[in-house]
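First subunit A sits with subunit B, and in the next complex the same chain sits with subunit C.
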Partner chain A sequence: MSKDFLRISPAFEDVMPAEYRELVASGPYGKGYGISDLGSHKELLEEHPLCAGCGLALSLRLTLSVLPAPEDTVIVGSTGCSALAFPQVALHNIHSLFGNQNAVASGLKRALKLRFPDKHKDVVVVAGDGATADIGLDMVMQSWFRGELITTIMLDNEAYANTGGQESGMSPKGAVLYMAPKGKKFQKVNMPELAREAGCVYVAAVSPANPKRLGKAIKRAILVAREVGPTYVQIFAPCPTNFKFKPQETIKRIKEREKDGTYLMREYISPEAQEYLAAMEGGTKDE
Partner chain B sequence: MYGAVKVDEEKCNGCKLCVFSCPDPNVLTLLKTKKITVNQDRCKACGLCASVCPKEALTVN
Partner chain C sequence: MSITPYRVLVGPEGYLPPAAASRGILLPEKGEALIEGAIVPEEEAMQAIATKLLSAKNPFFFPGPQLLWDWKEGVALKAQAVKKLADLAGARVIPMPDYRPKYPMINPAVEINPNHPNLTIWHNKIDVCVFIGVHCHYANMALKIIRGGTSCYTIALCGEAGHEDAMISLCCMGMPELARLTEIIQSMKGEQAA
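What follows is the complex of A and B.
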């Protein structure tokens, strides 16, 4: 898709909403922007209804700001808090049935490959921890086993936030939530390790407390999924509403968890992905 | 809105760390003068920007 696609016919300019006109005038399409360009252009995400201080909203905003080719990207989402933001995102996106996101993304990627054989169309799954590691785990793992050329991004707020705070496989052991009053009995699922074993050629665990590292991981994951294999990025995105901390403490909480070793940030790159990235990163912006 | 963040332009050094920590889009913008400005109508007063500002240039009302 070229940027011309977005341009408003002169006869309709005065009736288009201001936000759309701003996107055409100073949006990120075709620009190759990174994190450091935020604050100087119109973002893909518009005013959204997620809570004040939401780590998931911040992670989504940073993610959308580093897409290598927003005009050729389709986001596949699932039910959860992030789904409430997508009506405000100026990108192609599909809302799939809860848990089905990686199956939908697999089919979509194959169809796009047939329809546009000479173009890269990036298919990126963005879903919660419940959708990814619990209810959709079957579809997620099978897409990795099959080597589908898609990127899977988990927004890990360590709970079913959207339905009022049930524990998920990604909640830490002992977590007490509104609807898990007795405390979680088993360990947090080690998804990055599972992803690597299941065939992901690029895996990262990052957080918005380090925006540049987050941006680099997302960019790498999307580029590698174009040709080498499936990729997985897990973003630690704490939820002040369900974990009952003050909204201004979201970033502090991430740093504390990193420090006490209960949330490990990491990156795994397979040798093939490494080779591919070395060739790509020579010519692109690095964050 | 019930509250919004305010910038002390004297203290702001234009590092943009606040911009990268705000969960809400198009709220904090860097002016040509290299100072931050806030779209107060859209700020949710969460205070995350203030929590990362190295110059203590931001306060939540």
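What follows is the complex of A and C.
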């Protein structure tokens, strides 16, 4: 099906770099792939410059592998570590000014609706915790109050990683970072609860330690945002570089935090969203 | 302010050359073209392009996404005509499949990127290049970077309004114009051989 969506002009087939030919031959466009299809096709993200063991990189790989319609998806990003991966992602992507991502996404979604009235164009915000819960909180909340049909995904590494380790609203109380040596003085912001109160009709907190659950949440959030209302997914994506743990321990860290109750995984589905999903999920892959 | 008119000449012009439009270079009308900033008849520019390509040591065509991807009716045919033109001119082809500022690096042997086109020019030692099928803003940006940092002579075969940042630019480039340019190169080659 990628072949129907993406075709190289035959005269230039031989000079196209292999990466593009592979995307045409076995990319995920139009296929409706899920987590269990990973390894069987050319992925949207393969190389990236993020650190070894980066929770963001792992979460992005999983997130991109379950987009319901990658060919009709635009990702709106913000400054931060995840932004460094996007030049290598084979999707439409807008890098917005730090903190403005939900405002940009709102305008984009409305414009796409006018331009393609008969088609679902999925606008998905992917940004860090600093961009979402601190500096862009105003834009994020206002987009939810207005009921914008967009999905907001927070990659929560509990710090401003890209600028060298400052505390964010999402850092846990007591967190000590390179540029927060005295330890954070207040609690982690309860964003899932804020999202629900602000009008999100689907809210989930997930992690790459449970890829199937993560995949299901992303799919649900994007589908629900097509017609029912704004949605929010928070992905716990720890940062080995700033929290000084070994790269191979990322998943272990997540599991420990889940076990000791300091990172709660959860899912909230409004009754309208529930009804919509029941109809949608009848015929789609359950992941 | 300088009273000498600005000319779009081969570089390296230095870091951050001005946008030619900001120095008073105007776009051509249909039937016209630009040579180094001056408006000339289209036919004269086609002759100049043929001369440049046939006297180049290492000419390359850089087709952009509008031509590389078979996204609407007519594109595949146009791509075929451009390939024929490049072959006739003895030019090789390096594609610009999209505009992502691929980080940390691209492979300059097999692709060109508008955000750092100089890498491909330097790597392949390209002395004359032809842009075709690249969206306007990315073409202008890349042409400016090439003028700033390399000594490559730039030519734009533009389907729309033309590119004032190229050293030679045609506008309104459709199939008839491609055929005419091919014919000119063909006959110039014949004369050279004779």
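Descriptive notes on the structure:
Criterion: the second predicted complex is superposed on the first by the 282 of 287 C-alpha atoms of A that agree within 3 Å, B and C clash if a C-alpha of one lies under 4 Å from a C-alpha of the other, contacts with A are read in each partner's own complex, and residues count from 1 in each chain.
As a convention for this text, a residue touches a chain if its C-beta (ideal position, glycine included) is under 8 Å from a C-beta of that chain, and two chains touch if they have at least 3 such contacts.
Since the structure is predicted, the reported quantities are computational estimates derived from the model, not experimental observations.
In the superposition on chain A, A:P208 contacts subunit B only, with no contact to subunit C. By the touch criterion defined above, A:R7 lies against subunit C but remains apart from subunit B after alignment on the C-alpha atoms of chain A.
By the document's definition of touching, of the two partners only subunit B reaches A:L45; subunit C does not.
Once the two complexes are laid over each other on the shared chain, residue contacts for A:L58 go to subunit B alone; subunit C is not touched.
Shared-chain residue A:I35: touches subunit B; no touch with subunit C.
Once the two complexes are overlaid on the shared chain, A:M16 sits against subunit C while remaining clear of subunit B.
With both complexes superposed, B is the one of subunit B and subunit C in contact with more subunit A residues. Residue overlap on subunit A between the subunit B contacts of one complex and the subunit C contacts of the other is empty. On subunit A, the positions that touch subunit B within their shared complex are 35-36, 38-40, 42-48, 50, 52-55, 57-58, 61-62, 208, 211, 246-252.
Touching subunit C in their complex are the following residues of subunit A: 6-12, 15-17, 20, 49, 84, 87-88, 93. Those residues of subunit C whose C-beta lies close enough to touch subunit A in the complex are 63, 67-71, 75-76, 79-80, 82-83, 93-95, 97, 100-104, 107, 110-111.
In the complex of the two chains, the subunit B residues touching subunit A come out as 16, 19-26, 28-30, 36, 42, 44-48, 50-52, 60.
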